[in-house]
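In the two complexes that follow, subunit A is the common piece, with subunit B as its partner first and subunit C second.
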Partner chain A sequence: MTAAAPGTERIRRHQWLASMGSAVRTPRGAAGLGLAGFVVAVAVIGPQVAPDSPGALLTLPFAKPSGRFLLGADFLGRDVLSRVLDGGWLLLLMAVAATVLGIAAGAAAGISAAYLRGRPDGLIMRTVDVILAFPQLVFALLLLSILGPRLWLIVLAVGLTHAPAVARVLRSATLDISERDFVKVAELQGMRPAAVMAKEILPSLSTPLMVEAGLRLTYSIIIMAGLAFLGFGQPPPAPSWGTMINENRAGLALNPWAVIMPALLIALLTVGTNLLTDAVGRAALGVDRRPGEAALADALDPAPNRAGNRA
Partner chain B sequence: MSAAKGSIPGAPEAQGQQRRGPADRHGFRLEVRDLEIRNRRDGPAVVSGISFAVRPGDVLGLVGESGSGKTTVALALLGHTRRGLSVSAGEIRLDGMDLLRLRPAALRQVRGARVSYVPQDPSAALNPALRIGYQLREALRSHARITGDPETRVREVLGEVRLDASPGMLRRYPHQLSGGQQQRVALAMAFSCRPSLIVLDEPTTGLDVSTQRHILDTVRRLCRRYGVAAVYVSHDLAVVSELAAEVAVMYAGRVVEAGPAALLFGRPLHPYTQGLLASVPVPEGGRRLTGIPGQQPPPGHRGPGCAFVPRCALALDECRARAPEPVPLAGRTVLCLRAAETGTARAEPRPAAAVTDPPAGAAVLSVRGVSASYGPVRVLSGIDLEVPPQACVALVGESGSGKTTLARCIVGLHRDWTGEMTFQGARLARGARHRPVPVLQQIQCVFQNPYTSLNPRKTVGQIVAEPLRRFLHVPRGEQSERAVSVLGDVALGPRYLSRYPDQLSGGERQRVAIARALVAEPSLLVCDEVTSALDVSVQAVVVELLRAAAARRHLAMLFITHNLALVRSVAQFAVVLRQGEIVEAGPAEQVLADPGSDYTAQLMADVPRLRS
Partner chain C sequence: MTEPRAVRRPEPEPATEPGGPGGSPSPARPRAARDAHPVRHLLGRRAAAGLFTLCVVSVLVFAATEVLPGNAANAVLGRTAASSPAALHRLEAALHLNRGLLDQYWLWFSGLFTGHLGHSLVNGQPVWGYAAPRLINSAVLMAVTGVIGAAAGVALGALAALRRDGWFDHICAVTALAVTALPEFVVAIGLIILFSTVVTHLLPAVSLLPPGSYAWNAPRLLILPVATLVVVIVPYIQRMTRAAMIEALESDYVEMARLKGVPMWRIVLVHALPNATAPVIQVIGLNFLYLAGGVVLVEYVFAFPGIGQGLVDAVENRDIPVIQFIVVLLAAFYVFMNIVTDVIALLVTPRHRIPR
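Right after this comes the complex of A and B.
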């Protein structure tokens, strides 16, 4: 008997919150949250506390750091500190938007492919294969060079290139769940396919969704920064970490901080989100449970062994 | 230890009676004394005070509900504990040698060679990527010193388990064998090194009765022939009573009653043993089953007193305060303060017949000439079946007989069938999507596996309220009231409304699934193997609840099962299915007591029965 031990009431309604909670209590998760949180704080609070206007030409190009300009100046003599503080929020916002878009489109495609099977499955997954054949950055560049560099288009391009990978992962997760009897019960209650997917299947996918979201956010940041570096970002006067690396690399010997600071922040952000994602995934799988806890849980829950017995 | 090594004979090819080395000074092959296993060294005891002994050639049955610790004890006999658990006290003596004191290298030599293990699920235990011949030889190769020529031995053991020892058989992969054949291979592997002790962990749970009968016969025969001591772990008392000379009943990590099988099954003294025996369905009798309500406390939640108190009808205040000590009584050991009185307390008459005759009337469901297939494979042909109003029809068959496919056709989950089905006079469409909502509401289904039939992300309240909302359009305010009332029908209190399925036991989950079906106010309930994932004691509770609820609501029921013993306790009519065709149909009493076909007669003969 599974013996739900008296007194161990767990709140299972928001399972993703529970995984998140136990993830940030591991060293890996705490480090990830710390790093990512720091960079997000810089990007969000930065514009309010920047000492100067990011666009103002204040001193000599590539001026060394000084008491007045803590990180020196860039190739036009603008304050690097102010530009770093101001140049993150749009990147973050766009990365988040592209991630949400990619996850939503990918999840919808993957879940429907797995649940509907048959012809929709073939159609969706072959389309996914075709898109996956292009390297993500090349695909985004292709779209942008045809339609021109507009911000919404960058978000759209990056988001759509995430979708196929997300679709694959969620399709395999859904295949397993859609075979369970509770899905059949919902069908026998006359639920429409869309409702079955949204109400019965989706809630069980919170773990893969969370892990995918973290992973895709990391990739979004990298690709966005990369696109900005290549010149597909905000138009020039506006500050952006990716653009800054490109603009200032000529003066690397004169004032390295104009390149190092934005590069460092991008690196910290991606490492942070990646660590956090990893920790969440592990927490959800139960890898980081203490051995004693895991053994007790196994001892108390022989259900998985018994379940398939006469299947 | 050196003495033990000397006991291994060099040439084991001898046929017939063969004694395997000396047992210890009391004549026991295996002796377990005061075994205690804890979760971490200082954690709560998972099992404690376990003592038993087995003679050469004998089988000891280790019985109890799941979670009682019987598998933990069984694995300890191989010197193994699950991750996080460790043996904190006691000894396990095999031919006088304490297994728990062996070094890892020595233990590896003992495992497989002198103690072997037959797992519950052979399809998971055999390596799917290796031919069975290779796997059999591998077991022998690891212990090359103590056996002779592997090829001869492989052929010999395959013959012993009644498997064809041809090269063709040896070249097969596990998936090319049936479940019964796989289990025979596992048995052959276990017996191949001529062990002193063999541990069998529910080896027949997933098998059909006839296959089970063969496996049991094989185990009995080989243990006798080679003087092997066997420990047979099972929750099925009927199986154990057919095989075991001695029985140890476990509850919440303790042995509550142990002794000769005939005594224990004939006159059980511990209230728990009595409860388990009353839960076992009898194929010949249509009596009501009485299960044991409630569930056992997990490790760490066992109070100072007797762990059985919450489920015991005889409990006194003293039982709550003080843990009982094992006392020898009437030829066995009992762990109960009131052991001396319990034998007399059980004088109540056997419960009345469970099923009553249904009223006459037009059939609720009639199936005419239905044939179904999965792609090119035909699984049902020409099925005719009628479910009269307020009656229960049991559909009996072994695995692969097509009984679940028929259920899926009826409820609308399988669409690839021909023929005609009428429900309350109207034709049934193929597939649930083509059926009108009232039909969906009128035919409700309870699935086999309660671990997958409830959405883990919904509370019991949400699960039970869903049909109310969908089918009956009950206003939100009344939903929880109706849900509470139907949960009451399956003996679950209102506090279950806010629980999630993973906080429930298997039996409780299945009761929620039944409540979900009942709340829709159906006129036909299709139950597909609803108890096969449950313990016998829980099965009795669930079947009785189901029977009572159906009678109260005047439901017609199609009860699908592989367990013939259950039929008379729930159904008035029985239909026997074999390889997609109906072998026999009629009143349950007649079909089971006086079978018209050899097949049914054979099935009835193979059903394990309590021997007392």
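Right after this comes the complex of A and C.
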């Protein structure tokens, strides 16, 4: 290695921090961070500041908002404000867990498929094809119908449905990187394949990993809120935004806030994470390409070009 | 300005890599493959891969029910299984659980083609009789959504490309970025609040059809479900059309046509649009794929008697024969649409048609 190598290495490794930094300075990134940050704050601080117990029956079903109950009551006469404040943290936690799971499994599969080539590659990518043949929500429903609606199972099901898509993206990114000189050097030094993948290839993939993580987090929230809405989430007495929308639908004409608030929070959260992901993806590349070319490449084939044009 | 990135975009399989990762690398193509017509070649490989995937899917879906602790009959009957062995035996016979595993699979798999899919565990109706009308309703919903969504998306995208960086383009871009991230049931609830409960009472909030009638008997009931799905798919189509149109409009042949003095409408319709169709068709196909999953939540919200609502009902009741059938059907549709999309995209791109 030449004297310049350690320096370039450092830039390469911390590039994702730089793109994160420049992303939040763009209007989109700032808006995304603001929206998502607001909802996360509500979900995290909410349980501490909720005026009432989320499970207590306090007033008439679907009571209109009043000075005592700022957002009115739900279908059993529980305080909507308290339930909204208490109903987000578990959704967030589960979405993050599913995302981490999906990214980890997908990255492991995609990187080893691309680096090992040959038989493992074929085997992994055929498995990916099979899982991709189910729509995500349908796959989750199938698993839940068989094993019963348990929270860890929902996390597992959603994480598992993310993995194939992540694997495809990271496979194409790795194909390009595994031809680079620094990988060859590591191989010639006698590094074992697992070490090459973990120590040389993985750090170079930080940006596609980050963009994928943002994208999958948005999906996770959408699918989990949807599953809760369908009745496959926390069991009934617990407050959860998706569940609240469904159970209070019948009273829309009486107290719409019991539906509007949880729906609004879910919408702000997903729009926020999407805006932020978009800003990070743009910051990570596209600077060195013509706008038209970047737009088409983005639209046609988001990740592979992303990885290929960096470094 | 680059294009915003899409959430929930179904991952396309690149049409230029027909063999997939497991296939032989393209530079060293065998002679026979070089002689074959590329479209036929791709179609054959894709169909074979698709059939293989579907077989694995059917085994998986079937095996899934074997994972049930005890067996399916026990799971369905719950506690009553222990108290009434007669009911347990009847159910085991109905599910063919008293036969060997391979036998069971074969009975079920051949049933997929002959229509003998067994009976619903909830109401005893034959699965096919239960699913067929729902299938038709869902197909109507998806077809209407697809046509309206594609037309609206292509029109908006082409307009945005022509007035690039104008106010219309900016409004479209920002709206699309926000809308793509919205869960479909939130969009549906929003439309219900706006049009059928809180703000106005213009449209029915639920799309319950009387039994025996189909979606086209009551077009008013289709409006909100279709509107929800259109809102969800238009941003993707619009964005792709815009990107493809901009690429085409910046090309040398459009520049040439401009310099020759060809009128603008002719440039757009004759020169640019045909060259922008391949990616647009691909994204429309991918949105049909998305619809296969998206109808589940939207049908549930509006109580629309389609296949998606049928699946949710079946999952709630653990109605295993119905779940198996609907899941395999949706997977088959998914695989089939993937192939169709790739082949159409290949057919409309002239340079891909030429045998190499």
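Here is the rule we use: the second predicted complex is superposed on the first by the 272 of 311 C-alpha atoms of A that agree within 3 Å, B and C clash if a C-alpha of one lies under 4 Å from a C-alpha of the other, contacts with A are read in each partner's own complex, and residues count from 1 in each chain.
We take it that contacts are C-beta pairs under 8 Å (C-beta built on N, C-alpha and C of every residue); 3 or more make two chains touch, one makes a residue touch a chain.
Since the model is a prediction, treat every value here as computed from it, not as a measurement.
Peer 1: Give one of first, second, both or neither to describe whether A:L215 is in contact with subunit B, with subunit C, with both, or with none.
Peer 2: second
Peer 1: Name the contact category of A:Q189: first (subunit B only), second (subunit C only), both, or neither.
Peer 2: In the superposed model, A:Q189 contacts subunit B only, not subunit C.
Peer 1: Looking at A:D181, would you say it contacts subunit B, subunit C, both, or neither? Reply first, second, both or neither.
Peer 2: First partner only, subunit B.
Peer 1: Determine, under the contact definition given at the top, whether A:V259 touches first (subunit B), second (subunit C), both, or neither.
Peer 2: The answer is second: A:V259 touches subunit C but not subunit B.
Peer 1: Comparing subunit B against subunit C, which has contacts with more of the residues in subunit A?
Peer 2: Ranking subunit B and subunit C by residues of subunit A touched puts C first.
Peer 1: Which of the two partners, first being subunit B and second being subunit C, lies in contact with A:P203: first, second, both, or neither?
Peer 2: first
Peer 1: Does subunit B (first) or subunit C (second) touch A:L230, or do both, or does neither?
Peer 2: Second partner only.
Peer 1: On the A-aligned overlay, A:L132 touches which partner chain: subunit B = first, subunit C = second, or both, or neither?
Peer 2: The second partner, subunit C, only.
Peer 1: On subunit A, what residues does subunit B touch that subunit C touches as well?
Peer 2: The overlap between the subunit B and subunit C interfaces on subunit A comprises residues 291-296, 298-300, 302.
Peer 1: Help me check something: in the complex, which residues belonging to subunit A touch subunit B?
Peer 2: 1-7, 9-10, 12-13, 15, 180-182, 184-191, 200, 203-204, 291-296, 298-300, 302-311
Peer 1: Which positions of subunit C touch subunit A when the two form their complex?
Peer 2: Interface residues on subunit C, with respect to subunit A: 1-9, 11-12, 14, 20-22, 49, 52-54, 56-57, 60-61, 64-65, 67-68, 177-178, 180-186, 189-190, 192-193, 197-198, 205, 239-240, 242-244, 246-247, 250, 279, 283, 289-290, 292-294, 296-297, 300, 311-312, 314-316, 318, 320, 323, 327, 330-331, 334-335.
Peer 1: Applying the document's contact rule, which stretches of subunit A touch subunit C when the two form their complex?
Peer 2: For subunit A paired with subunit C, touching residues are 28, 113, 121-122, 125-126, 129-130, 132-138, 141-147, 165, 168-169, 171, 211, 215, 218-219, 221-222, 225-226, 229-232, 245, 249, 252-253, 256, 259-260, 263, 266-267, 270-271, 273-275, 277-278, 281-282, 286, 291-296, 298-302.
Peer 1: Over in the complex, which subunit B residues touch subunit A? Could you list them?
Peer 2: Answer in residue numbers: 39-40, 43, 46, 65-67, 71-72, 82-85, 120-121, 205-206, 295-301, 399, 411-413, 432-433, 437, 440, 444-445, 447-449, 451-459, 466-467, 470-471, 499-500, 502-507, 516, 529, 532-533, 535, 538, 562.
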